[in-house]
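You will see subunit A twice below: alongside subunit B first, and alongside subunit C after that.
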Partner chain A sequence: MAARRLRQGGRIDRGKPLGFTWNGRAMTGYQGDTLASALLANNERVVGRSFKYHRPRGVTSAGVEECGALVTVGAGARRDPNVRATSQELYEGLAAGGQNAWPSVRFDAGGINNLFSRFLVAGFYYKTFMGMPPFEWGRGTGWWMRYEKLIRKAAGMGTASREPDPDHYEHAHEYCDVLVVGSGPAGLAAARTAAEAGLDVILAEQDGEPGGSYLAWGDDDERVTAIQAVQSLGVRIMTRTTAFGLYDYSVAGLHERVTDHLSAPSPHLPRHRLWTLRARHTIVAAGALERHLAFGDNDRPGVMNASAAGVYLNRYGILPGANIVVATNNDSAYATAASLARAGAAVTLLDARTGVPGAVTGVATEHGVGIRFGCAPMQARGAKGVRALRTAIARDGAWQPGPTELCDLVLVSAGWSPVVNLLSHRGVKPVWDAGNDCFLPADTTEPVSVAGSAAGVWGHEHCVVSGQAAGARAARALGKCSPRFTPPPAGGWQEPLRPLYEIRMPGRKLKSFVDIQHDVTTEDVRLAHREGFVSVEHLKRYTTLGMATDQGKMGNIIGLALMAEARGVDIPDVGTTTFRPPYTPVSLGALRGRSVGTHFKPLRRTPMHEWNLQHGAVMTEAGLWRRPWYFPRRGESLSQAYVREATTVRSAVGLCDVTSLGKIAVQGPDAAEFLNRVYSNAFAKLPVGKARYGIMLRDDGIVMDDGTTWRLSEADFLMTTTTAHAAQTMAWLEELLQTRWPDLKVHVTSVSEQWGGVAVAGPRSRDVLQECVADPSKVDNDALPFMGVVETTLKEDVLCRIARISFSGERAYEVYFPADYATGVMDRLWESAESMGGCLYGLEALGTLRVEKGHVTHAELDGRMTIDDAGLGKMASTKKAYIGKVLKRRPELTREDRPRLVGILPKNRDEKFNAGAVICAENAISGHGEGWVTAVTHSPELGHWIGIGYVNGGYEHWEGGGLVAADPVRKGNTAIEVVSPQMVDPDGERMRG
Partner chain B sequence: MGSECVAERESALKGHYKTGRFGETGEPGVKLTEVPVSVLHQIAAWPDTVEAVGAMAAQAVGGETASGPGSVVVGPKGAQLRIEPLKWWLYGVEAPDVAPEEGATLDLSHARTQIRATGPQARECLNRLIPLDLREESFPVDSAAATAMHHVGITLWRSREGYELFLPRGFAVSLWEVLFDTATQFGLEVE
Partner chain C sequence: MIRINCPFCGMRDHSEFTYGSDAAVRYPDLDASADDWTKAVFERENLDGVVLETWHHVHGCRMWLIVERDTITHEIHAVRPAHPEWATLLPGGPTTKEPRS
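Now for the complex of A and B:
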């Protein structure tokens, strides 16, 4: 018999029993329980198996520092591993189980590791399996690679579900004047003082209930009064919300667990929320964590933090043991011992100190606690639950064996560590306080204050004053009037504690754990020292001390103390590792928020999106857009469809949604001058009513983007860009205007969303337009010649802009119209085009048409090529200055043997070859070869496969032949010829006609 | 331009926008309404014509000049939103004629989809997606800001009626879906 639920007391609601299962067994707890308290109440002692040795572990704490009771909650897609049972609120129907054990945590086959634990010291696996004699003799990692999987399997934690997460998560943003982290006595006082000064305050509490240490120790009326006070002042209290990180500019990361405590949460609620909170000042009142002590088998189920037992008694109405030994080095455990004795347990208290005044012992002795000074725990007995404790007695400055105490619970209090993590995130190193035996937050210029036991202030009343002082300080820092409080100094024990980290005796081999969660023992720390890993950073990485979910909350200081002892220096000289966010684990779902599934990135729709789908489009991704890929007729494959579509464009007419091209309004009296500097070709004298194809370069002389720009009036241009580089081009133009040429009177504004765009291409394109515009004469060959631009109206009075430009090489137009009219415009154009034997065409046919013409896209303009490489060098002006002009003349960029754009034909016209193939000389098929294929298509016009790509020196250089398209992993080698990229209608007669 | 057209305008949300009551029951915390944009023009000034163009913008809506970036003035004819130091949006009114030496105007009537968010939890709901300080004193009625929502740049105006979201037309459906999903937890009414 050990732990049991008391008939009364605590904050649980005995009128609301909650059924849950542990390893499939039905159990009962109460509303207000955590999973850990419910397991204790059911006297479930072994709830976990350790990381490396598979040693049985029980509940060691009552908070986020838990390092024993790591369990798996939920099943199937909702299986959540490594949940700290101490932080998991109980709900009806909760299903939890042990992890890292087979068949169960009580009987675990992996426990065999414990028998070999003297071999499994820090670094064992690496030392053994890397360079393993006699196979590898100190070199190589072959054995490691072979066995790593098995080794990893033997050690470990719970396993996550491999199914998609059925829950949703979200991000949230909030602002306030003061963020108070922690709602204990200090946090509540700080929030109240700051709010009384007129500040907007948010109080974040990781627990399900505000109150902090009030919940177990304080006067509940005082707690309720304090909470009501802050609420009436408008303080916003966020429960189940952990401030897990503090970042630049006073940004705090908060992780809110919205539904983890509910048995049937609303489907509309996210499971977790990730808050980005911007406060002007942050007050950290996150409390302190009780430390344990390294002694023999100090990880046995039934060894627990002293304060945790107080929490289980006072908050959860559980007496966690019948025969209890409390081991302490400070005053704080006396109250716990007294309350446990009062609740009916037999309690013995071992105080490592030689004696303390009656003022400290008074309450404990009153309730019958037996107190022994100069005593400490040496070794716990009992594998699956403590049965006895062998004690140690201080004699002549050393520890000697003492009597064995029969007990079922050992409580340990070896001092307190303020939670300085958030300040550490800001790069503020904590300072060692030898008197209080802990790291304290250092002074900082950051807008952060620390209050209460997080600042090393121990007493309840002192914590309240400390909180008031921090609140007032924050108020004054933010320009408010607030009364002055004198913050109490760190400390507050009546009798100083005796620093104590490990009990060891010469000649006795004890397995004493420093970091219980990661199975790091005192011997591991000393081994690290012997092997030269003396820096704390090395110590951490070599032994894994301070890693995993608790991040060294329990064990770090012991590890530092042991290293300090081994090195013969003081603890501050050993240093401390930097705490990094998150303070407690944050779910990956919360980090992703709503950016999952179809909303992984926003989908951008053209105004003809639905129209295209209704007309049979198969869509493909183009950046954030979906664009029609092809429009299959019944039974048609992709290749049948695109060949038909391309053929129809060349013989009749086709319509293609080109809305996704970037569209930028360039306006102002200096717009022409601006474009003339941006584009490599001349734009200054572009007449009104004309469009021009332009290529812009980067500063380094490489092609950035291309497109046509239309002059609508003297001071008004419409620039089009490629789909892929629309946003980049817009940003580039803004950058130029704002940083290089602020004197130019030019505004650039994206109008991509304002206009829908459709290409009407093919010999019958003019006929289609003449049927659709209000005044057909506006689009005849004289009014709208090749590269002409006209603003007119369609028959429904819809204003439109038409430019006669051609990507297909046919007579073609781009028609732009206000986006909301897309459906009507497309209906009219399609009715007309269809009657002329036309088609709708998608990206695949568009690709075919442009490959036949040798027109470039970003497959060719890939950020490496010059304008000459792309075969467009003659367009660049020799007379004016433009961006990229100077650096494009670099020797390396003007070499004759650079790759040049070419058309590619298979030597045997019946053969096919692939985009991405490497072009090699047939007698030297290796390495990067002589070039590459950027795009291929089956050309309906030529009746065979063609492609474009780059070949060193251009097609003229290879007129003698001798090239192959090498494609070793897909197709093998195909003999090819390289020709001029303009493979169809090289003189461009069709588009001009 | 748009108003005299015979053709009918079609919302970007067509087929995706359904009125009704969604999500949590009880009094709806959030109401969302699509407000059809009739006219929206941009008017831009040069550094030396800010006053003159500001006056034109004021005259167009029949009110004061919007004093600085982020401010909004509502007049009897429409609203002017100072969206950038040198740019205003004229909402609900046609743009005046502006000579190139003075500034430039641009029709954006079809470029944005307008959603109005109202209700007691509208601010809370928007802050799930928008990283702006929307507290009363920081973002009072007649404030405007360029901000971001689910990876997309948007314009937000707090009007007398509620929060007016101007979503780029092509992203409107995607943003509507995310906004809708977010709003259901507060109890959502789509009007």
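Now for the complex of A and C:
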């Protein structure tokens, strides 16, 4: 029996026992416990297995730096792996278990790896399995590819649930003047000083309770007074909230765990919140983390940070050992040793220093702690829990074996590392303080102050002053009056510490861990040095030092120190790796927030969305839009429906929702001149009441977008764009008007949402319109010829704009009307169209009709093609200047053998081929071939499959034939012919008639 | 996260904006030589230090802005409307100085 719960003391509520399970066994803890403290109270020593060697591991700390007690919490869809038991608050019914072990963490078959650990050094898998002789000399990584799967399976820690996450998460935004990170003595003092100066302060605390080190060490009245003081000043305290990253402009990322501590959370609460906090100044009072020490088997369950034992005693009422050895190189462990002895443990303290004044030892000695100077731990004994400690004695500047101490707990304090991570996120490199043996935050012009132990200040009183100084500095930086405080210098212990990183002695092979979670030993660091990985960044990647979920919070500096020793330089010359966000792990759920499922992206519905559904539409996605795909009649498949719809359009009439096309009002006295510069074809002389198809190019001569533009009056145009490029085109027009041609008097307004749009296409389309408009003469062939535009009203006095333009190749009109009238307009048009044997048609039939005509969409205008490639070169003006004109004449863009738009027919008309196929010469089916197929459809007009695409040199170049559509992974090769892309009604007589 | 002090809307997150291009580029006349256009479209300095950029307040006022930004520190020294006349119409002159901290 080692650890036990005391009858009194601590902050736990003994009146509120909590039942939980560990590996299926029922256990009891108390309200206020963490999972780690509850496991300790139940004397559960082995709680994890290590990453590589599967060595038994126990609780090593009492905070977020934990590198041993990594467990899996929850079950089923809520299984959460790699949870630090030291930060998981206990709740009724919590179910946790060990991970990375089979059958259990106490008896793990994978522990066999430990026997072979002398082979499993840094880089073992790569060295062994990549280029493995004799199989692989000169043969790349073939064997590695086979082994990799098995190796990956053996590595890794816990496994995540494969089920969808049943919880929801939130993103939230907040503003304040000052963000204080950490609510210990320094943080509370800083928040109070800043708030007293009249600033709006948020205090973020990763723990469930504010107070920081007060919770284990201070006078609780002092803590409560300090919290009440800041609350009365309006400071907002956010608990269970980690400031995980600090970004440009003083923006902080906060990760709030809302329900992880609750037994039965309200389903209305999010599990986590991700806060984007915009503060004007940040005060980092995140404290310091105690470092461990590399000695033999320093990873055994029962080896723990000294301060952690104090936390378990004072906060959780647990005496974590009966016979305790404390090993230290500094003053901080004396108070812990004294309080453990007072609580009834037999405590021996080994101090690596040669002696310290009575003022340091006083209290410890009073309580019967046996103190030995010049001593250190050499090797822990006991595989599943420490049973004894072999000590080392300093003699003549070297370590020699000392006596063996029987013990059940070894506490280590090898110095403190201020939490400078948040400054590192801002690119502020910490500076090495040799006297205090730690990295300290450097001075910076960033709006960040550092206070308390995070600035290397030890001791509550000094931390309070340091916090006040930081709060006052923030206040003055933000233009407020605040008294001046002199910040205490770093340090503050009575006796300087003795830098100590590793205990080793010649002739003794010790397995001493630097990074306990990732199983990186001191020998791995030296191996990296021998093999040339001497830079700190290489060391990290070669050994994976500091790359585990704890990011090397307890051991990184040991690695740096050992590398410095091996290279014969000082620690600052080795450097420190840059800390990057997040400080502690952030759940993927919190990062995604509500952007999941149907909320992954916005959904745009046209004003006749419901109408389309009521009339049997099957919808498809077109960018953010939902558009009708096809309108199946009873029992029809997609291909039956679209062939029928396309046939009906060619023989009678069809209606198609085209609202998603971009619509831009281009207005002003210079609107015609503006369009003339933007489009490659002439627009200056477009008459009022006419529409024109236009193609706009980018500066580099590549096609940007196409569409029709209607001249409604002298200074009023309506431009339409493709659905895909509507937003981009709008931004482009704004850019041109604001940055390049500010002298042009033109205003552009997006009216895409204001106007509903429907295409009325087919030989009977005019008949439909004449039935529906108030004055049928407005739409007869004279008033509204091909490419004509008219503004008129429908019978119900609904304003509409009609342009006689055709994407289908039939006589066709686009009718635009105020979006709110969509249902009524569709009812009216459909009543008429239906009576003439018409149909509703969707995107699939629209595609068929346009492929038959060789009309292009974004599949053909894909950001790589010139206007000539798309077969539209003749439309470009040779007289006027326009955007892209100069660079479209670049030699590479004018080569004769560039890909040109072609129509594609299967040689055997019964055969099908696929969009996306590569077009190759039949005797050279390889590589990029001669072109590609952009769209394929079954043509009801021609009675077989057709397609369009691009072929080098165009169809004239391949008149002799000899091409195939190569489609190796789908249907194989299909012999094809390439023809002019206008496969139906090439002279356009139907749409003009 | 970069924050941009839009002269029309005030201090906003960069997620409301889209980056445009190098604002130091002077685009030549539409019928200028191919050399001039090649330089304007393809040749860019890759400076460390203060550069001029265009940004579009696409989820705000939809104004194009000229932003003086330090590519090393992300510090923004000034923001002004790209349209020179609108710049002069703003109260307090054409340029918004960045309040830092």
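The rule is short, and it goes like this: the second predicted complex is superposed on the first by the 978 of 993 C-alpha atoms of A that agree within 3 Å, B and C clash if a C-alpha of one lies under 4 Å from a C-alpha of the other, contacts with A are read in each partner's own complex, and residues count from 1 in each chain.
Convention: a residue touches a chain if its C-beta (ideal position, glycine included) is under 8 Å from a C-beta of that chain, and two chains touch if they have at least 3 such contacts.
Keep in mind it's a predicted model, so treat the numbers as computed, not measured.
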| item | value |
| --- | --- |
| First, second, both or neither for A:276, with subunit B first and subunit C second | both |
| Touching partner for A:596 - first (subunit B), second (subunit C), both, neither | neither |
| Partner touching more residues of subunit A, whether subunit B or subunit C | B |
| Subunit B versus subunit C as contact partner of A:887, first or second or both or neither | second |
| Partner chain(s) touched by A:747 [first = subunit B, second = subunit C, both, neither] | first |
| Subunit B versus subunit C as contact partner of A:797, first or second or both or neither | first |
| Contacts of A:820 with subunit B and subunit C, given as first, second, both or neither | first |
| Partner chain(s) touched by A:171 [first = subunit B, second = subunit C, both, neither] | first |
| Shared subunit A surface residues [contacts with subunit B and with subunit C] | 276, 278 |
| Residues of subunit C that touch subunit A when the two form their complex | 1-3, 13, 18, 20, 23, 27, 29-34, 37-38, 40-42, 54, 56, 58, 62-64, 74, 81-86, 100-101 |
| Subunit B partner contacts - residues on subunit A that touch it in the complex | 168, 170-175, 200, 266, 268-270, 276, 278, 594-595, 598-599, 601-607, 610, 625, 659, 665, 667-669, 714-716, 745, 747, 749, 751-755, 794, 796-799, 818-825 |
| Contacting residues of subunit A [partner subunit C, same complex] | 247-251, 276, 278, 280-281, 447, 477-478, 677, 699-700, 731, 734-735, 737-740, 742, 881-883, 885-887, 889-890 |
| Residues on subunit B engaged by subunit A in the complex (per definition of touch) | 1-2, 4-12, 14-15, 23-24, 42, 44, 46, 86-87, 100-101, 104, 106-112, 127-133, 135, 138, 150-152, 168-175, 177-178, 181-182, 184-185 |
